[in-house]
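In the two assemblies presented below, chain A is common to both, partnered first by chain B and then by chain C.
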Partner chain A sequence: MGKEESPKTTRRTTRSSALATPSKNVVEETKASSSHPPTLSDLVLGEKGESFSADDLLSSFPGRRNQILELLRLLGPQNSPMFPVFVYGGTSTGKTSIVVETFRHLKRPLVYSSCLTCYNPRILFESVLNQLFLHRKNAANGYSSAKRCESPSDFVNFLRDALVSILVNTKGNSGKVTSKRSGKSNGNMIYLVFDNLERLRGWDKGSTILPLLFNLYDILKMPEVGLIFISSASPDTYYSNMGYVEPIPLYLPDYTQDDLQKIFMRNQANKKLYSSFLSVVLRPFCRITRRVDELSSAFSPLFTKYCEPITDLNVVPNKETNQRLYNFFRPHIAPALNETFKVSSQQSPEVEVKERKGKGGTKKSRDFEVEELDFHMPTSAKYLLIAAFLASRNPATLDSSLFDSTGGSNNRKRKRKLSDKSMEQKETAEQELLLNPGSFPMERLLAIFQCITSVGEGPLDEEEQEDGGLGIQDVNGGLMSDVLLQLSSLCSANFIVTGGSCPLEGSTRYRSTVSEDMALKVARSIKFPLSNWDNTIEHKFQTVSWCQVSAGLPSNNCSKPPIRVTS
Partner chain B sequence: MARENPTENALCLLRTRLCDPNFAFKALSHSDDSNYSKLKFLVSSSITEACNNSILLLGPRGSGKIAVLELVLSDLLQEFPDMISVIRLSGLLHSSDNCAFKEIARQLCVEHQLVFSRMASFDDNSQFMIAMLRECGLAHKTIIFVLDEFDLFALGKQRLLYSLLDAMQSVTSQAVVIGVSSRLDADMLLDKRVRSRFSHRKLLFLPPAYEDVQRLLEHILLLPTDSSFPPDYVIAFNAKLQYSSRSDPSACKVLDILQTILADERFKEIINTYLNLDSTVKHLLRYLFRAVSDMDLESGMLSLENFKTALSNIQRHPKLECIKDCSVLELYILVCMKRLEVKEQNSYNFNAVMKEYKSIHDSVKTADYFARNVCLRAFEHLLQRELIGFADNRGQNQSIEFSPVKLLISSHELHQGMKSYGSCPAILQQLMDRQK
Partner chain C sequence: MAASSASAGDSPPPSSPDAAQNNLQHFFILHKASEKSTSSGKPRKRLDLCPTKLKEGDEGCLRMEAFQLVWSGIESSIKDVLRNMNAHVFNQIHSWVCDSFGAIKPIAPFSSPLGPFPIVTHATCCAQLFTALLLTKNMESVDDFSTFQELGLCLKSHGCHVASLSSLDFSPKNGIAGSLSSLLRQFFIRSFDAADMSILASWYSQHGNYGSPVVVIIDDMERCSIPVLSDFILMLSEWVVKIPVILIMGVATTLDAPSNILPSNVLKKLCPCKFTLGSPAERMDAVVEAALVRQCSSFAVGHKVAIFLRNYFLNQDGTLTSFLRALKIACVQHFSSEPLRLILGGLLVKEDTKGSQNEKVIKCASQVLCHGRDQMAEQTDINIAHGLTELKRLQMLWSTVVLCLYEAGKCDKVQLLDLFCEALDPDVYNSFASDNDNRTGLGKKFVTSLSNDHCMLEQHLSSRKGRLICQVVCKVRDLPAALLCQLLKSWEVLTVNVLEIHDMIKELQSLLKFEEGSCKPDLTDISKYFMMPIECMHLHEIFCFRNVEKLQSVSIAMAALINIPIAATCYL
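Then we have the complex of A and B:
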């Protein structure tokens, strides 16, 4: 046994000193007067003297009375232990704010960490521990955490130590602390809140951390710890092959229309006017979404529109004005419904562009001057985008018929036939198209690009020739390198994604993610007749005349036989 | 902490009882053939006879394996104060061998006032453990290893299990390995070399019998008569729950009409409904906790209502709730997807759904026809609600419109949900039914 002792450092002392020093530092820095060890009262939300009564709490969340009361009952009176609680409900139903505000009301210590900001286990563990040790990252400690903690076992050990030390301190100092502070003790429970739990399922497929958190209460075996999980996914979506005793569910349903009415009536300057506005607007919009965040962003521009006819915003509307306002406003509702979601989502890059587009649209307010739309994209990139769109939408077998004059006429005949009888064929073909934008090799993209640029050359202005550098008569090497550069930037902007490489050819295949509307807009902005080319867009094939592209191009750039183009 | 309010005190006491599994299992542990007595006999005999032993405790999650074990250990620690040291490991935390040995070394160091080095290697730690086993054996001290989530230790190379059980083959060592697992086939997961060293003692934890549940309910819900509570409050509280010979006859008379809760048929029915779903003790405690936390603080009494609402609150139907939360447009999309599935399109995406949506609109002119990007957003909402999901997870890099999706609810659930939906358009119901 003596052998083992020699290499070991005195870990227990280091830990206790490590525990004492940083917390003391922080305390001295933040509140110069008090140099007490970490206690529960430091984790309480809100100001010391502030009182936040239950009525305030209930009135600040309209339509949530039952849920808040239930949460209060589950938390129970002071110093009473609790089973883990699982708060869930859709987006923007007030899960987090209700939990946090409830703790502000109760004045009980709360350790809050969100799995959204703490995006891996280590950060999550350290965030919890930092709060428990009252450790704050700053320049003095090099923005390091209180403990370096990566494995779940370390986390549980540290967590237990931290909790024990805090609880011992509270029990020891409880008399002193209560007399010094507001006179009311905070009890000796500590509540750990884990927000955005649904994120956790994505971490290493939820195999270790999720069961750990769900079983944490049983592992710690400390009745002084209350666990609250907040998730937007319902409990049945947390699959785990090892199982757990499910936490007590607390469900926050989406707001009903009446609740929404109450919510939107809060903090309104002219309540009468706004309620008449809501009576017009709320019902149709509720059919699309009942999410407060989306509705409020949709309503704010609409309300200004609604108020346009009146000069004085403080006017108390009577029946007559309401009718007048309604008549004025009615034509705006339907288009507004279809523009409900202009806020971009983070998920797909196209939406961002759509939003930009949408903003442009509102500025112009419905005079269709397409020229004003500008995507701040070089003209060559726009052509490339269209080429990619065409390559994705049209099967490669149709290329020759599309870009060839003789094939084009064939295609027209076939189309007419299709519309007549063989619906089935068409449907299967369309199904295939709907399933996925097709992938294509770069050679095909470049060939189509050359075709359409040569067509676009006609309407191209002098200035566009200059800035785009896509004049085919330019130096060929320059063109190619420029186009490849554009391609890579389009790829990084996620307009074109690189799919899996073809196993036979070995070259990377590309795929366009641009939606049809977007492609049409782009095409219109460069006056390119996209509808002529895309067989998925229902348009009549136009008169065909063709021109040769390959003039002046080295043959190795163009892997296909000379492609003919319609214009 | 002295509270002026006996009601709050009583609630606190009940909650403390419910959250402490040891308390609940004390009530169930007194009979001779209980797992408690068996386990206690096994462990104490191996302590007194200074031999090695290994036991598996098997049973569904929440059946009280650890709680009973803790009871036994705390009893034994009192009986043999200096002869036992307990090492607790959990498969959730220490499933890797390296981590497990480190934790064993750490706990041994804490137990025996040694200094523990974080830097010690895997080899150091395992040698240290074996040395400690020998030393403790010579000092006639038994080391009890508790391996919670035993099945997780059997995942990898099982080096920990092997070296533990192998060390126990020698005469000098004196240790008990207690594996706890909710997998009934936990011992079948062991390698051959480990299994041959493992004594196949298994204790099965079964759900409690109905009489035990009754006893448990009384044990937990009745307030103690010899406590700091005002006696008349305790009598009234208990009388509401149960006839008691000791309680005041006059109080009994008043409550005679009200009928006591525990004897009430309706209460028995509620408890039975719950036990049919989850028969383990832990789940029962969870349910009781839910009911007790609803206790009316004004009157300070539990009522049958509490138990009823708790049942409905704890049995949730998340998918139905989700459907109720959907907007009308989202319901349209769900119905479209349902129709596509009925048409036996095995794979479809947003574009296909939109086509169906358009065809619905063409056949029956509805007011709810919205632009494509609005529908796309509603589609995203459904994805967030996890009512629909991507059919394959490799297509995440392409945009939402094109990746194939599938419904995550059955048509029955959709049907139920739409029936309970407050303002579901009649046309949607028809569209659903027409497909059947």
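Then we have the complex of A and C:
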């Protein structure tokens, strides 16, 4: 507690010294032609002259009192060196906010870099250096950085230069100030904060940069530098006895329900009303998530819904109104629990009315309408999508074993020869199925595609015949290259994903990611009896052979492979 | 002459290389993915064209000019139609951008441009990115490139800073650096070796750029590499307190797509709002109406060609781009294969009726016609001129009736494309006509039709031919009086230029008033007498392109040429 008090008393002086030490410090460092020359005080957060007491700090983070006090203890009083600190905890537990706000309270200079925005070592290094050199990117300097710095060794050198020059300046300055004032300035310490450290692990050079950062304290050997790492992953995932001082961990646990209650009660206009709202929603939602960001985005639309029956938002609700509101509100809770991504629409009221009218007007066909596909897709792409869906759903092993049992019915020599090949394929298919479930090679997809288009021809034929007979036959015969085009556009629409290519064969395997609902919708839109095929599909592929399939590849797309379908 | 024109028919019209280039330009503006193949196809085309051009330069030029005259008319009307379709959505988006910017602005104060990092000083607000999800309703995104371009221009004209990115900027190969540098390139012309958001931040605060929103448009969200896109969104949302970025993403499939493909921590950063573009079917109908039905230009397609175009759209490609490409190919083939004399004659008649006269064409036409006069009797010319006027009249009647039927079928979701194909079918027309051969006279038909029993219609319904038209006609017959009144009113507007039908509508309206809604009009007569498909008209060869085999082979070749690189990727 005592430690936390000390900055409070020095606040006034820090602010005044921040005001009193402009311009002379490091102006020469920057050639920026802006309104006011940057000073070290620009590295101090918060408005000048703003007061942000320790109580303010503690009260703005309900449930984090212990952690904030611990952080203040680790940072120590002014001018005291510190060991590196490692702040970690789950997403949205207030890691960054607490560190930043603590520095805002302490009024100490802070160099902040997020490894999310600084997505490679060079940008990370230059970002840190730019801040230390008080460099501003602008049109005059061509938006360039203060120093071009790509290698870790350059970074360490530049960093040392920058720190030394700053420290010399501040020391000289603080000496002057000390002579005038009671002797306390905002300190000689400079703090480097690295946020989102877990992103570093994904970098190409992450394995070299991470030790560098953790080692920075030892390398620099400057007690005036404080290092703070912020990460959502625990420290165990980073260091493994690499010979440097391990940072002091500071863990921010997930909020409890009470904490969340306090957090959400802050800044509410009508506290009574909101607490009655929270009493309804907080418990069910806490079972799902305790992340503040998720909860707040879920609560804000719900609260408006909750308040709908009330005309005056400043009303103090009594028990009766609470009950009434609850009864009105209850049906909305359960759907909201399952909603992760709510998209609002901004249609003009006229259009909405029109839509409603349209729906009312066509009541008969409503059931049908609801399940219609709401985007355009060429017919051949639809068939291909269904083929992919079936190929993912039904095991390939069954396909080929069934083929083996009936493959001999068509006694051609070439075929039998190739069916040996298909035996091999069966084995590899089994193997691949284990590695990559639900995936299929393109040959199989095309086989099923041909099979179902020849079935689909039946009902479609009538319509197409009427139109001059240029219909679905084209899908089969005319444009196999177009089928590949459809495949590629299905892939890019994320309906089929590629992946799991076999390193030896080099062939890509595909997998359908379509939900059953979607597949049914598509099937309905082309009047394809999907339900007949699902799961029982293997019985219908009896006569599809791998050799026919490979013969039906685009190379000879003119001849239609003799696929017979038993139904 | 006939022989030479036939030889020219195999290739697109002989033209100067520049013109050929203009010609092809259209394709690769719309067909972005096909850039390579079209450009590789270009020189080959030029080689083909050169000999014909040398042989018969003048004629080739005339053909080319005639083609360009007609096609530019069609093209501009299509563009207008599409622009009008989008205008409404664009306005909606603009007003949403303004609202969203108003909501972000308080978070982004102008002060402290130095702070290189956007540190949120108010712990309570979690920065969210306002995101418009623009549903394009088409799995293929080719059609929407131009739409997004226009959206960008529209927002720019309202003073927003606009950057248009495509899925190519979000490739796993270049990663986030690639997408950031192409984002910066949109604002700074030059490129940076280390693209960084802080550059954009200082740009935004320095140049007097402050005060208007920064709109980032991503054409096709689903095609982007998801990890890169996620990083990009996270980064933008981190900076949104400094740079008020508003995101517009095109979604090709369903509204679930973003939540299916993006991780939840990214979704949390988005504050989405949905907008919808016109569906491809709607757009197709609008284009068909503007280019093929309403415009009665000097170019029309025959029934089989229409069927081919329709089936290709529904079954194979599904993009307006390829539809227009096929249409253009048809147009090119028509103008290069028909006898020049007839084409120009046709143009002359069109120009006359339009009022605005293209002097050049008239001059050319009269020259050619004068030249031909030596060989042909004058009488033939007069006959042709008369025939053309009649043709024009019939076409007008036909298009008016088709539009009327479309209007009537709208509530049943009848698509103009289907109706158009059916209305072009000579067999349907003949079957209609033969049913009532014994009856003649226009005046008689309404009286008879009112007492007419339904058996004839049912007969039509049972036969597959002309089903759609019969369906619409039946529908109109069964309409309640109030709706019928409405329909007749809209017909009155549609038919205002065609006196014959207009009078009939008037007659019907008065009948309706007189009988107070008990009357049941029959439209079979209208369709019977006025819906003469172009192929049944005399001299239709002048305007009508019917060679479906040729079109099919050319467009398949074209498609293959474009698709080879894409298809090849499937094998890789």
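Convention: the second predicted complex is superposed on the first by the 309 of 567 C-alpha atoms of A that agree within 3 Å, B and C clash if a C-alpha of one lies under 4 Å from a C-alpha of the other, contacts with A are read in each partner's own complex, and residues count from 1 in each chain.
As a working rule, contacts are C-beta pairs under 8 Å (C-beta built on N, C-alpha and C of every residue); 3 or more make two chains touch, one makes a residue touch a chain.
This structure is a prediction, so every number in the text was calculated from the model and none was measured.
Touch criterion not met for A:276: it reaches neither chain B nor chain C.
In the superposition on chain A, A:453 makes contact with neither chain B nor chain C.
Contacts of A:41 after superposition: neither chain B nor chain C is touched.
Of the two partner chains, chain B and chain C are each touched by A:91. By the document's definition of touching, of the two partners only chain C reaches A:493; chain B does not.
Contact with chain B, but none with chain C, is seen for A:156 once the two complexes are overlaid on the shared chain.
Of the two partner chains placed by superposition, only chain C is touched by A:296; chain B is not. When the shared chain is aligned, chain B comes close enough to touch A:233, but chain C does not. When the two structures are aligned on the shared chain, A:212 is found in touch with chain B, with no touch to chain C. Touching of chain A by both chain B and chain C, each in its own complex, is seen for residues 91, 340-341, 345, 347-348, 513. Interface of chain C with chain A (complex): residues 92, 96, 112-117, 119-121, 123-124, 126, 128, 133, 135-140, 167, 175-177, 180, 188, 192, 194, 196-199, 202-203, 206-207, 220, 222-223, 231, 234-235, 238-239, 252-255, 257-261, 264-265, 267-268, 270, 272-275, 279-281, 303-304, 307-308, 310-311, 313-318, 411, 421, 464-465, 467, 548, 556, 559-560, 563-564, 566-567, 569-572.
The part of chain B that touches chain A in the complex is made up of residues 1, 8, 11-12, 15-16, 18-20, 61-62, 66, 90, 92-94, 99, 102-103, 106, 109, 114-120, 124, 128, 131-132, 135, 149, 151-152, 182, 282-283, 286, 289-290, 293-294, 313-314, 316, 318-319, 321-322, 324-325, 327-329, 345, 347-349, 351-352, 355, 368, 370-374, 377-378, 380-381, 384-386, 397-402, 404. Taken in their complex, chain A has these residues touching chain B: 1, 3-5, 7-12, 70, 73-74, 76-77, 79-83, 88, 90-91, 151-153, 156-157, 208, 211-212, 215, 218-219, 223, 232-237, 242-246, 248-249, 251, 253-254, 286-291, 337-341, 345, 347-351, 354, 431, 434-437, 497, 511, 513, 515, 517.
If you check the complex, the residues on chain A that touch chain C are 34, 38, 42, 45-46, 60-61, 91-92, 94, 97, 100-101, 104, 112-114, 116-120, 122-123, 126-127, 130-131, 134, 136-139, 143, 145, 266-267, 292-294, 296-297, 340-348, 361, 374-381, 442, 462-468, 470-472, 474-475, 478-479, 481-482, 484-485, 487-490, 492-495, 508, 513, 518, 554.
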